[in-house]
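Chain naming follows the written order as A, B, C and D, and within any one chain the residues start at number 1.
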Amino acid sequence: MGKALIVYSGGLDTTVCIPLMREQGFGEIVTVTVDVGQPAEDIAQAAERAKILGCEHFTLDVKDEFAREYCMPAVHANADYFGYPLSTAIARPLIAKRAALKGLEVGCDAFVHGCTGKGNDQFRIEHGLKMFAGDLPVIAPVRERNLTRTWEIEYAEKNNVPIGQSKHKIWSIDENVWGRSIEGGRLEDPTYQPPEEIFQWTSSVEDAPNTPEEIEIAFENGNPVAINGEGMTPLAIVVRVNEIAGRHGVGRIDIMEDRMIGLKVRENYECPGSTLLIAAHRALEALVTTHAERAFKLQVDQQWAEMAYRGLWWEPFMDDLNAFIGSVQSRVSGWVKLRLYKGGLQVTSRGSDWALYSEAAASFDDVQVLEQSKMTGMVQTHGMESLLYAKLRKR
Amino acid sequence: MGKALIVYSGGLDTTVCIPLMREQGFGEIVTVTVDVGQPAEDIAQAAERAKILGCEHFTLDVKDEFAREYCMPAVHANADYFGYPLSTAIARPLIAKRAALKGLEVGCDAFVHGCTGKGNDQFRIEHGLKMFAGDLPVIAPVRERNLTRTWEIEYAEKNNVPIGQSKHKIWSIDENVWGRSIEGGRLEDPTYQPPEEIFQWTSSVEDAPNTPEEIEIAFENGNPVAINGEGMTPLAIVVRVNEIAGRHGVGRIDIMEDRMIGLKVRENYECPGSTLLIAAHRALEALVTTHAERAFKLQVDQQWAEMAYRGLWWEPFMDDLNAFIGSVQSRVSGWVKLRLYKGGLQVTSRGSDWALYSEAAASFDDVQVLEQSKMTGMVQTHGMESLLYAKLRKR
Amino acid sequence: MGKALIVYSGGLDTTVCIPLMREQGFGEIVTVTVDVGQPAEDIAQAAERAKILGCEHFTLDVKDEFAREYCMPAVHANADYFGYPLSTAIARPLIAKRAALKGLEVGCDAFVHGCTGKGNDQFRIEHGLKMFAGDLPVIAPVRERNLTRTWEIEYAEKNNVPIGQSKHKIWSIDENVWGRSIEGGRLEDPTYQPPEEIFQWTSSVEDAPNTPEEIEIAFENGNPVAINGEGMTPLAIVVRVNEIAGRHGVGRIDIMEDRMIGLKVRENYECPGSTLLIAAHRALEALVTTHAERAFKLQVDQQWAEMAYRGLWWEPFMDDLNAFIGSVQSRVSGWVKLRLYKGGLQVTSRGSDWALYSEAAASFDDVQVLEQSKMTGMVQTHGMESLLYAKLRKR
Amino acid sequence: MGKALIVYSGGLDTTVCIPLMREQGFGEIVTVTVDVGQPAEDIAQAAERAKILGCEHFTLDVKDEFAREYCMPAVHANADYFGYPLSTAIARPLIAKRAALKGLEVGCDAFVHGCTGKGNDQFRIEHGLKMFAGDLPVIAPVRERNLTRTWEIEYAEKNNVPIGQSKHKIWSIDENVWGRSIEGGRLEDPTYQPPEEIFQWTSSVEDAPNTPEEIEIAFENGNPVAINGEGMTPLAIVVRVNEIAGRHGVGRIDIMEDRMIGLKVRENYECPGSTLLIAAHRALEALVTTHAERAFKLQVDQQWAEMAYRGLWWEPFMDDLNAFIGSVQSRVSGWVKLRLYKGGLQVTSRGSDWALYSEAAASFDDVQVLEQSKMTGMVQTHGMESLLYAKLRKR
């Protein structure tokens, strides 16, 4: 049957896929780990396990591309799926795309992923693979064979598959530079208060510094380009703001999330950097947009979030939304100051050459602008329909 | 010309209206101060000044009605006009309504208000007066005569009108139980960082307690009904959460706001209680709503905020929006726990008998619910349009 | 295995289910045909075939309920899924509900339907069955066994199952009082012009009367209640307007439709009555609604159509949408005149006690209303943000 | 005071402005008539009257620019303000822009227009003048002096101002190549059936040809580029479809319209060409767009229509909307066939290289595409939230 490429994380689900695919008849197994900012030890462990199990392994570092092509658009769209900055969601299309292109390069005959049948990632990963690897088959052993964790652990042990501490893991973690998600165990219960131990990127408010920190983010065309005056690449900025906001305990998210197949689940995230960048971006957009475009962009951004959540990164609709968003971004240049302290994040000032703010107009000092006495007609016609309606009701 | 009723705050603008209306020929001046939670000293000062100037004065305490009929609907609609919980905005219709009804009761011949021609309140107040006092004329001396602050101070001094410290005031403050706004001076400049002195309801993060506080809000049909298990009236709840959240420095708001006549202004608010109640309400709604209703309610709430901001409280459209919102509220019963600390506000858990959350479904443990292998078709058809589009592009 | 209830149309798919279910071990087969306005001969044929095949058969006439509880809400929501008045879509939930309740009544052990795996009806029918028959299993033999038409015809012939002319049918027809759909054959090709023979409810423009006909529809609370002054039940009205509009060739619909699983298909419908009633209802709504509610109701109606198309008739979101829509309907009382001629439909006048139209206001004749000279301020501030933006661009 | 430029139509309102401006002290009067497709005799009459009254007159033919830069974007946005294709609305910005630029060229000191204070045009015209002529004053004598028609006629007669039959005109007409509006007299009454005499561009259904006509419109990137295979300029296409559709009585519009200052008025339009082009464009968009983009474009188009109606053609928000719309248009290439007959308009087929339609997918014939049996999971999870909700209700 030839060569199977496994989209490989080094975890339990994807590791058991290696012997499973061999049993299914694939002679060669290629494993690909796409590095979007997972912990270095996970990346290393994946490479090691793949080697132990005799696979040809590739680690693809796409962090820079991820920051430029995925995180920056997320800033432009103020990425927000009901409180979630879409950290895992926007990484999946890139992982799938890079795996697909590598698969074409090495001449693989099938793609394999380890997603289960209840989650969102199966949709995102399979769609991305199909978008770039056309008609090659995609195999999802865990979902298709109804595998359970218990079965997988037993199978791994029987087959001498190295799974390390997988069987003792309480939490299921996913990390990339845009954020970190923590799932599993009692966390799924919405009434359960998450314990401090699940957090790694953000300080507890108690441990956070006792002094507020002020930070200034500069933007050009919607992209953060400098922190406190120091110019940086998108990736460097994302990494740095994660560190700064995380230190102050900013970016812990505890929400109810509606999954793609109609399940509601409680989710915990740590997204310090994305929380900070989006708050700053929003504040700057508020300064340079007209009321009408600001009001409607809420809906455009909401649609963007729905599409991104579904992993439909290459839907034509996404192009349309990005065209709208990009048109707005052309004026989102300037700076925003924020104060970070003990989990709190406060915008304190902002400025832009494109500010739709005129001191003269706001204060009406400039008589040229408008004599206030002339507003009478506008005030008198305000709510005219309600007044007419009230008269009808009184009949 | 008879009797003029002045919607009276006791401040400079409305106080100079008293002699101005006398000059204009009104023999009797009735002043009405509608108490929606202004500082007691302002209420008292208004009564005193009105008496000094020989007016028949009424103070109408409508705080309970305000909490029940205005703040509770604001909770249901997660009141949010681009970051502003609409604190001043939702009080204006009630002030106008109560003044109008009092005017009809005392047989006044005209209504007078002190709003200027650049702000929002002229729209809200005049519309409310017209809604309830039908065809009686409404006079807006400050706007109609293009009065300036300087002119008013001189005029007051010439006419022995008591204006106290008005002329030295830097900030223009508006308060009611739903929030406090601070405007004026350099605050209008978006690049200016507001000084600590403008805040009165909220502690600075430095002064806030060094220990986090947990609070549990119970809701019934969308209304907060108890704090930490203690049942209270709407008004008592709003007052209490202002105190608790304010103590922890929660609820400082610093935004760019789009006024009704197309001006963008920087606004500072302190809304500790409304911030807390709305955060809790949102978290509970997230637990009991379906994805489709949750997504669309964002738009309904946005429309509600636009109407409330414009003071169009009795527009038929508001009834429609409230019908939608009320239908959702019928299931917004349960509790939410939040942690307050140093300006930060974090939802930590929530529960409801109407939670659209099923442990069995979320974990897929119950085989009856669904075998994951059956999801293949849904995954394979996901993004079908994008795949077709990609094929067309490749031609 | 007991008793299986087949949601029965008498057509090929559902008829082959009878022996298939017997083979699968069901001892008793109950067939239920829910009459929402199919042709009488189809209803009769279903009963006859069920008898021949030894089933216990029920025909449930729910046309009145369908008109009252499904078609009237469709009028209120101006039912429109991209040009389609949702005729088949809104009947499916009722068919499923009535079949489910009958199944509980007769003590069936399983439900069976004949929907294929590519269409929308499988979603609508299964969802409705589950909503009302809880945990009883639902079997979809055609989809689950990947049956093809060819296989079914051969199987029917081998098993002496009466399928009449089914094998020669070119078009697949679905009818109820709200409309008629015609699918199949070359019609699916969007470039193909549909032949005249597919139409049965609507005259060709050539055959339509040579004299225009005027019709007046009276509405109360959004419901059509009388035609040309003659009061009628909802069902009678729907039947009558089908006849009138159909005679004049009104209501032929030829659109591209996006199915639930991401397929685009060309669809042809004949919906004379629903087209006429919705056109009249829209015209009356335009007279009594404020601009804001009219503009937003477009979005509410669009959401309603998406939910109805998906058969999610009992989603809580539908209740919310209907609450909004119902609030508007409370003023949708009055009359609308339309002219019908040769396929064309033209509203010519309308009236209502709730008309938000004031001759005095519209003509500004009443000086009390407003002196036009006072509008200067509103005009001068119009587009203020654009003007400010233009100045910024010129720098 | 120098030179005043009058935006000149040759009608009563603008003609009386000439002596009025002279009385006000302007030594030179320049009149500018911007030709967007008014009747040739109106254009000629304006020039003649201007000459008689001693003005320097300019006629600017911008029909080609109007078709290219205003009508084509209206096609892309399926221009529809509650049934109105925005014919007058989209011409006003161009008229104002061209007048403003001419004013700058001839060195005028002020702009004058004849709009009244109740209509929409004052907003559109003044905004356009200010956008392009910066800080020059704009004078609106009719509005500012509260002029009535009666006063104007008397004043004209006293001053020997040629106003021809103006005083006997019953209807107020506005025409450009995108449509014709008819207002005034009893037409404002929504209950009045408009008489046949008001129509000039469209045949009555009785007079329309007794034979249906088929027309094929070809589109490239959203622009109509050919009729029945004959390539034409935008202007030529608009003119031709007006003739064809008008001949068949297509495009009569009778609606309730919400004006900008909260007045509802009944409006009658003849828009044969725009009705046809937009119907064709919609049909083609339906073929090439995904469901998500098609659904959301309804809202984008609605926003576009609101902005266009308000004359805010250069609002940054319009740029954003046009960016979205333009992204969609990149695939709106192909052809649409329509049948015209007796006032009716019917799309009968359509085709595009970008059609998101796959015969294989639609018919599921291609087993590769999807086995229908695999859809079970999607069907079973459909409406999962409703099912969960139903269980909660039953408790």
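Miscellaneous remarks
Definition applied: a contact is a pair of C-beta atoms (placed from the backbone, for glycine too) under 8 Å apart; a residue touches a chain by one contact, two chains touch by 3 or more.
This is a predicted model, so every value here is computed, not measured.
Counted as hops between touching chains, the shortest connection from chain B to chain C is 1.
The interface holding more C-beta pairs in contact, when B-D is weighed against A-B, is A-B.
With centres defined as mean CA coordinates, chain D is found 39 Å away from chain B.
Chain A and chain B have Cα centroids lying 32 Å from one another.
Residue positions of chain B touching 2 or more other chains, listed in rising order: 117, 261-264, 290-291, 299, 312, 315-316, 356, 361, 370-378, 380-386, 389. Remark: chain B residues 290-291, 353-354, 356, 358, 361, 370-378, 380-381, 384-386, 388-389, 392, 395 touch chain D in the complex. By the touch rule above, chain A contacts chain B in their complex via residues 82-83, 116-118, 122-123, 126-127, 130-131, 140, 142-146, 188-194, 205-206, 212, 249, 252, 254-256, 258, 261-266, 283, 286-287, 290-291, 294-295, 298-299, 302, 306, 310-312, 314-316, 337, 341-344, 346-351, 355-359, 361-364, 370-376, 378-380, 382-383, 385-387, 389-390. Touching chain B in their complex are the following residues of chain C: 117, 135, 261-264, 289-290, 292-293, 296-297, 299-300, 303, 307, 312, 315-317, 319-324, 326-328, 331, 368, 377, 381-385.
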